[in-house]
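Look at the two complexes coming up: chain A is in both, with chain B in one and chain C in the other.
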Partner chain A sequence: MPAARRLAPPDGWSAGAGLVALAVLAPLAALALAASRGEAGHWAHLLDFVLPAAIRTTAILLTGVGLLAVALGTTTAWLVTAYDFRGRRVLDWALLLPLAVPTYIIAYAYLDILHPVGPLQTALRALLGYDSPRDFRLPDIRSMTGCIVLLGFVLYPYVYLTTRAMFLMQAANLMDVARTLGVGRRALFWRVALPLARPAVAVGASLALMEALNDIGASEFLGVRTLTVSIYTTWVTRSDLAGAAQIALAMLVIIVGLVVFERAARRQRRYANDAQQPRPLTPYRLRGAAGAAAFALGAVPVAVGFLVPSAYLVHAAIVRLRFAGLSSNIVTEAAATVAWSLAATVVTVVLGVVVVYAARLNRGWWPEVCGRIAALGYAVPGTVLAIGLLPVVTGLDHAIDAAATRVFGVSTGLLLLGSGAALLYAYVVRFMAVASGGIESGFSRISPSLDDAARTMGETAGQRLRRIHLPLMRPALATAALLVFVDCMKELPATLLLRPIGFETLATHLYGEAIRGTYEDAAIAALLIVIVGLIPVLVLARVGHTRGLAP
Partner chain B sequence: MRLDLNTAAAVAARPVAAPTRVALEGVSLHYGRTAALSGVSLAVAEGEIVCLLGPSGSGKSTLLRLVAGIERPSEGRILIDGVEVAGPGRFVEPEARQVGMVFQDYALFPHLTIADNVRFGLRGRPPAEAGRIVAGLLERVGLARYAGQYPHTLSGGERQRVALARALAPAPRVLLMDEPFSSLDGRLRDQVREETLDLLRETATTTIFVTHDPDEAMRAADRIALLHEGRLVQCGEAEDLYTRPATLFAARFFSDINELPGTCRSGRVETPLGAFAAPALPEGAAASVCLRPEHVRLVAGPAGIAARVVRTAFLGEIDHVVVAVPGLDTRLTVRAFGRTGLDADDLVYLEVPARDALVVAHDGR
Partner chain C sequence: MITLFPSRLSRAVLCAAAVCLATPAAAQELNLYTTREPGLVQPFIDAFTKETGVKVNSIFVRDGLAERVAAEGTRSPADILMTVDFGELILLVDRGLTQPVQSSTLAQAIPAHLRGDKGDWFALSLRARVLYADKDLGISAFTYEQLADPQWKGKVCIRSGQHPYNTALVAAYLARHGEARTEAWLRGLKANLARKATGGDRDVARDIMGGICDIGIANSYYVGLMRSGAGGPDQQKWGAAIKVILPTFEGGGTQVNVSGASVARHAPNRAAAVRFLEYLVSDAAQKIYAEANFEYPVKAGAAVHPIIAALGTLKVDTLSLAEIARHRAAASRLIDKVGLDE
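The block that comes next holds the complex of A and B.
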């Protein structure tokens, strides 16, 4: 048997990659199927009453968030690459910090901070001499504008990250030649840097918009009825799977558009790069007041997107701990969150290795297509994925139940759904791209001649993986695992829909409290999520930093 | 001080006294404690084509970037048309200097078409006029039919011409080119260089270009400024630098040379190839007698110095012969026109006309 396996080693790996791709495609196919099962009248009802408003709301939200994220992301990226001032190095990585704050947490925090009797408005009234909220209040944060501003301030780092990398890579020669042709230092941004960075801006913006589309907490807390919220309520409050699937399908159209846009932009970015051999731009030194102004300008997004909400969470958490101590609920939920995230991380990374390794072993089109499909899940919002998974998982559950009853005479009930395996499934599909991206870059740094050398010494594909690749790419694996773990911990929409009854993670706990309007342990849960979320941001900041320093 | 005199002499020696377009006066640039340039003075006349020549790290590109305004000098002044553009109290930004620049990698904007690249520096002109200039230049460099295409579709030579057209479009006061031909190879390189020079002379464009290739410098430039370790070694016409190098470095830079070490005794340096007059050298000074390969001649009779052939190489027009001379540690390279028919171990006789030899003291750079 081992001899036979040695003759055709890639087949098992390719088959594994195929299964993973199938597992990713299954919920999408099921979505289409479930949507088609709804009654025709149903669809008409949706078209008449639900979809137009939800689509309009979603479109306005995405446009607003996109514009704000691009404006914040590109200007801050230019500020820290084209200018040098006191505090620039700090700002360089601090501008990434809002990434650690999930959308539902920033909304949760600002709801309280900006509440008519909250700290900010009370202070403002005291300052202006008003007595009661009836005499003076700021516009309500629970509005479309509020939602756009809050999402924009936590999602701009996607644009900042890609654009800054592009600015750093842009050959200084291009800037210099533009200046000898009469372009002033400030006009460089509009005439050269920004047009050149357009593909990077597009990539960053589409990532930010996918995240905005995925959001359920912020829009719901702030009363913005997006498509995501509609899907959720259609299923949870009306138990209408067909209806939810139909809305989800409509949303998939938007996502396909975003993915196509992002892919096209990435291709263009590769094009723009290879022509130049970069000598990095030398930043222009700003001194005194100009330097201080630049720092203040760059610090605004950090303050709004990270410092203020985190300071609020720290404060609220301390108050709660003083008042009630650490509740056993929160401890149990934290443990459950970590356990499920760990399990999902292990499965995701293992499957990610299978998919990527299959493509390395077999250079044909098949493993590559499987890899592409397996990575699709990152674009599918958690709610859409969950609605697609429900029929798949219940179908499997029924099959398992029938088989168990027939063979053992025991009914297993809804095994996958009840045990939380469905949740695991969702995490794996959703974050496969995060894992496979990191694993792929790890593999790409290992010379193929090492594979060939090991082969000539009689090592099979599995032995090569265990003895050569895995040890060499341990750092890449660790980074991939870390990123997946943190994403799982923060995940809200799919968890809400697929968790077993009575199961709470930190994120769902916070959601529950925010919806009920009770402010109890949620601040502690939020703080824990933000702290864990800081880890990958720091990793990212370090990576970006060393790349920036490279000559 | 010596360098200033050099420059003054070179300027005075030029046949037609055109007004000075670019003047560098004692320009230095330090990065922390390392000096990229020290006290360089140079004057470039209107319509002149001057080449900054030197090995990598000699500061030639830095000098070009100082003239463009991309770098600021630590000391000294730079003047364009008699107006100070960089100096102790004044710095004119590159966008206000009216200089054109062609980079080694051409730095074409990848997101703009060829026509838009050339039009880039013409903002503020009436569209009709700008269009006329762009069309005219693209026609002149033979790229009119590529006007709507993007840079990545062009070959290296074509990109170079676009970069040139773009730099010339706003009619700059001086054109700066940094290794403009070095990304091209062989025949193409010669062809593109000839075309570029034709265009520059036709438009009487004052040009400073940088190269590390002495052959290119001699072919293209009216005058050559030779740089070494951030200092101007010598400045003059190609023939001056070749036949009267100021230092051993200058002598070595233009071709392979045979160096015969010796010591100056009563105004002469004794070597196995004979004694060479060195009236300017002090008694006991260590010196080198430098002989270019074409200055060592193979002669028929035993009147010359006996030598043994080590190897020969056929190079077409000339034969390259390496010989060993008794009493000399190093081997000599000799260049002979026509086929010599020599083989290894043949006995030959050498003649070295004393007037061709260069005697250089060892302290000279």
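The block that comes next holds the complex of A and C.
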């Protein structure tokens, strides 16, 4: 019977996964087409003068950000799951807060704070008795080190989020065994918890690295010329779309290679729990100075990644409000930001479930391949993806208009582009990997034996999903939804290019100000982005607290 | 989902669709695509709507304006394409995304070298690429060539070489001095940098105040935005920390760039579009360019803002904008080659 099922013809789930894959492939195909139209002549220039430096810069940046994000994410996750101390419950969710701060905002904020004429160095000079910044200055933050530190401190929550969930629900039994064998707490982390959490660390780290790789805001602002910035320059300054598409696709191939490599290295291991409810790890109580030290340790990333830049934004926003008042559009922009991000989140998570579930149903290689393809949108810089989406969306628009005119005698104009549907499409393609990554790790913790049991009782695939999987992976779904929402809200390049006329989000407003160097005008919009981003973070924190977390 | 849209937004969305449905003749609306920051464009839109009753829907697209309009093709709702850089404007013309306009109002207001022969582009305002220097520095004149002088080693601040403002400056240098001299000049400039070539033009003033550098290259209008207090009290301090020199090329004048606009090839509201362009060169609008944006008005005889006038008399370099635009891609490649932004 199971063998017969495996050979069954493609069903609704596989077809759905196929459609999602197609939707993601379409803009990539458009890019490939654009790339094929270019000449190869400029590659000599790129190879001689651009790519070596850009690749080196990118490699250093990714190594640095990866190490920092994994170090911060895993240690803080271990801290709040393996230990109990005063303030742990607050840290539990507060460690997520930097997610709400877009990279471009943190870069602006820290340059202002740390600039020689900014508050910190001015105070420092007063303290040390120097009159002029010419006599005493701290190193400039506009550097590779500055970029790594700032990106690391806003991107570590991706690792924290996935790893904490793993620590909470997976390791308890094994760790209890290890403990009875006399393994100390620290060794437990290195030898049991961390190796077990590897899929979660890999998912979190790859999300953080993709963000770092595709970042233009902070990197460009801090003077770090990554591959993404080079692609952007090639396209914009030299009007060479074909060249930019070629580099972007080459980069995509490398990323896909790395992802495949990581998966292959992980393939031989299984990480799923037994069907039995796993026991959560019993946290070790820290009292007095030890407890205070633990809290301080966990508070550092929250302070650097969230509290300091937010306090700065609040200050700047108040100055701005006194100076120029509140723009009447900002409420509209905030509402638009929330509405579109919410819609995109719902669509992305639903489609993400379809894609991942189709692969789990295990009906041949095809749904699995679709799942991998669906995640590709995240590996392409947002600007480039937007350019790839443009011909796809307008192509559909032209076809719809022509058909409507012929059949009904009514012109629809540019329906998708004009209605904002193109924007939804862009968000879904761009952030599908964020959703499917979380959903996949949710599914992976549900033992296949549960599926088999349900199947023998005659439940269909849809019933199993509704009655077993979805309830068991509510926390994973919530996590995926949070990440997608926050990403949509911060998204800039695709929003700029594909939005309808007269439509602004907080991010585009902020960018419009920032681009002419009037960051201070943008302080209110920046603060609103952070505040709106806080809402889902807090919701997620509540979900986490119900301890419905463990499947 | 629709009920979630705030009313303004849903109207805007419906407008976008409705605009395409509307016949051009009945249009009392105008669709503006701009690479210029919304904050700098809004004063003109408000004044134009007040004067004519024509409603302006705008979208700010920084990069990919040409790609978007090209993809929208014959169904594009775009009427006016406005850019902040001359190179971008010429690109739109070269890609066939604009259409010619014959208007005696425009021809009279804009000098011939600041508009296309066929009426396919029009410059609307000018700005100069000037030198910011520490206010205590004993210099009173400067040439762009001097930026490479070893005297300034570790003392120069500038934004990314690949930013259109700097690519235009390098393109002008290239058109004037040829490739070998430009490359040597860029290498000299690179050696003189005090920090990474990044940030914005105002950061040059702030970094001079912060003691990071002594001189730097930036746009003229930021001086007005900083010194007038329009950018807040902090920026007023930055503006006060510098003095401004209008540099020239050796044996030439000061490098300028323009903001400009064209009527889109498939403009559904062509008449309103021409009317908008004509409005932008009216005395009232040119006054906004000077007073709100601190730019040099394109119209002969229109007054500049006192803060800008105080910088000295602008002697515009004679090299044509079209000639500079032709060297833009080569300039960008040279900037890569010397690794100015590394």
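Definition applied: the second predicted complex is superposed on the first by the 326 of 551 C-alpha atoms of A that agree within 3 Å, B and C clash if a C-alpha of one lies under 4 Å from a C-alpha of the other, contacts with A are read in each partner's own complex, and residues count from 1 in each chain.
Everything that follows uses one rule, which is that a contact is a pair of C-beta atoms (placed from the backbone, for glycine too) under 8 Å apart; a residue touches a chain by one contact, two chains touch by 3 or more.
Bear in mind the structure is a predicted one, so any value in this text is a computation, not a measurement.
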For this session: Name the contact category of A:Gly325: first (chain B only), second (chain C only), both, or neither.
Result: neither
For this session: Name the contact category of A:Pro139: first (chain B only), second (chain C only), both, or neither.
Result: neither
For this session: State whether A:Gly129 touches chain B only (first), chain C only (second), both chains, or neither.
Result: neither
For this session: Quick one: name whichever of chain B and chain C touches more residues of chain A.
Result: C
Problem set entry | Contacts of A:Arg185 with chain B and chain C, given as first, second, both or neither | first
Exercise. Which partner does A:Gly288 contact after superposing on A: first (chain B), second (chain C), both, neither?
Worked result: neither
Exercise. With the two structures laid over each other on chain A, which partner does A:Gly223 touch: chain B (first), chain C (second), both, or neither?
Worked result: second
Problem set entry | First (chain B), second (chain C), both or neither touched by A:Arg499 | second
Exercise. In their complex, what parts of chain B are in touch with chain A?
Worked result: 65, 68-70, 93-97, 99-101, 103, 105, 107-112, 120-121, 123-124, 151-152, 166-167, 170, 172, 176
Exercise. Which residues, counting only chain A, touch chain C once they are in their complex?
Worked result: 45, 48-50, 53, 57, 111, 115-117, 132-135, 137, 140, 142-143, 220-223, 225, 232-233, 235-241, 319-320, 323, 331-332, 335-336, 339, 342-343, 383, 386-387, 390-391, 393-394, 397-398, 401, 410-415, 417-420, 493, 496-497, 499-504, 508-509, 511-513, 515-518, 520-521
For this session: Can you check the complex and tell me which residues of chain C touch chain A?
Result: 1, 4-6, 8-9, 12-13, 15-17, 19-21, 31, 33, 37-40, 57-64, 66-68, 71-73, 75-77, 91, 160, 162, 164, 167, 195-203, 206-207, 209-212, 222, 225, 231-235, 237-238, 328-329, 332-333, 336-337, 339, 341-342
Problem set entry | chain A to chain B touching residues, read off their complex | 171, 173-174, 176-185, 192, 195-196, 198, 271-272, 275-277
